[in-house]
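In this document, chain identifiers A, B, C, D and E correspond to the written order of the chains, with residue numbering beginning at 1 in each.
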Amino acid sequence: MYMAKVVGSVVATQKDDSLIGRKLMIVQPIDSDRKPIRTEEVAADTVGAGVGELVLLVRGAGARKTQREGVRNKDVVDSAIVGIIDRFDK
Amino acid sequence: MYMAKVVGSVVATQKDDSLIGRKLMIVQPIDSDRKPIRTEEVAADTVGAGVGELVLLVRGAGARKTQREGVRNKDVVDSAIVGIIDRFDK
Amino acid sequence: MYMAKVVGSVVATQKDDSLIGRKLMIVQPIDSDRKPIRTEEVAADTVGAGVGELVLLVRGAGARKTQREGVRNKDVVDSAIVGIIDRFDK
Amino acid sequence: MYMAKVVGSVVATQKDDSLIGRKLMIVQPIDSDRKPIRTEEVAADTVGAGVGELVLLVRGAGARKTQREGVRNKDVVDSAIVGIIDRFDK
Amino acid sequence: MYMAKVVGSVVATQKDDSLIGRKLMIVQPIDSDRKPIRTEEVAADTVGAGVGELVLLVRGAGARKTQREGVRNKDVVDSAIVGIIDRFDK
């Protein structure tokens, strides 16, 4: 899993059916000192995250496990926001 | 998921059967300031994207979920264009 | 698999159901000279690892294999701590 | 998918059964200007590619989809050559 | 697949059951000029590789295909040594 900051969203009218109605957020991976690392990605929000919030990302098949079995089988998503970070304990 | 710009296409006559009839586009990953990041890849188009358009990419098994169940089981594709970006909201 | 050092933990109240009750540790990948490599990640602890310990990480579907079959099917985790390193033999 | 140039092959007598009889090619990923990018990998050839040819690579489960169902279930391959590139259209 | 040199092993008493009895080797990825590339990883040995040997690595689900079906379903391994390299032909 990865820590990231939500920096915006992507609007795409022409897209795969499985993306219809999904909030596609632009996320900037960060470390626990909140410094940006690697490069921006897009993740499907599943917990109501907003711009500016620090979030937890998963990639790959895990990103589709948030959906019901049937829907999951046609879901193209490969990155999802699965938590909103309250704080880092270090 | 990743943001990218379509910069061309690849022509390959000798290829896996599952690639026959598929548009194989050269894509340059970008960030939301449209700056190039990482390196070029090839993605199977599934939404009618053209050269110069900004698109949404998925990688891994998600890239095969755009196909019907039977076809998917023999599909070698590991990267697909699944949306055409209208705009970034930041 | 990857070697890493546990540097802290993440607290997130709003999260996917499958993350409830899981210890989400901030990990810094290292090499066998204990030097930091790449960038921080978050991994679900499955062996009782504490801050400062050197651990073994797995990514992808392997990270979900620590769970029972039913639970695994709804588990979003894509990175898990699966061992506490005693020593490196070189 | 990735563009690459075949630069040689690997000979390994002691190996997993599923690799017996497979051509294991050393490939250097390239961009569409034929410049080398990232680092060398090894891919199982499935289309008769030779040294010096430009090829299309897939990674992960897609690399095993070139095999029949039964064989695929014991196949350790995670990278395969699935096309020989004729040209780049840009 | 990746080329690598075995540089040591990891000892971990507290670990996932599926790692018990497995040789966990520290591997340094290399290119075909034997130069180190990227960073060290840990891979489960499946072909009797020793320190100093050049080996072939696979990552992801392919690394679990070396195990019998039942065992594989609980196997957390995401990287395995599946061949000992005799030579590079270039």
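Here is the rule we go by: a residue touches a chain if its C-beta (ideal position, glycine included) is under 8 Å from a C-beta of that chain, and two chains touch if they have at least 3 such contacts.
Predicted model, so just to flag it, every value in this text is computed and none were measured.
Its C-alpha atoms fitted onto chain E, chain C is found rotated by 70°, rounded in steps of 5. Centres computed as Cα averages put chain A at a distance of 31 Å from chain E. With centres set at the average Cα position, the gap from chain B to chain D is 19 Å. Touching of two or more other chains is recorded for residues 60-61, 63 of chain A. Passing around the ring starting with chain B, then chain D, and so on, the chain order reads B, D, E, C, A. Remark: chain E residues 1-3, 29, 31-32, 37-38, 46-48, 56, 58-63, 65-66, 69, 80, 82-90 touch chain D in the complex.
Those residues of chain A lying in contact with chain B across their complex are 7-16, 18-19, 24, 26, 39-44, 51, 60-61, 63-64, 73-79.
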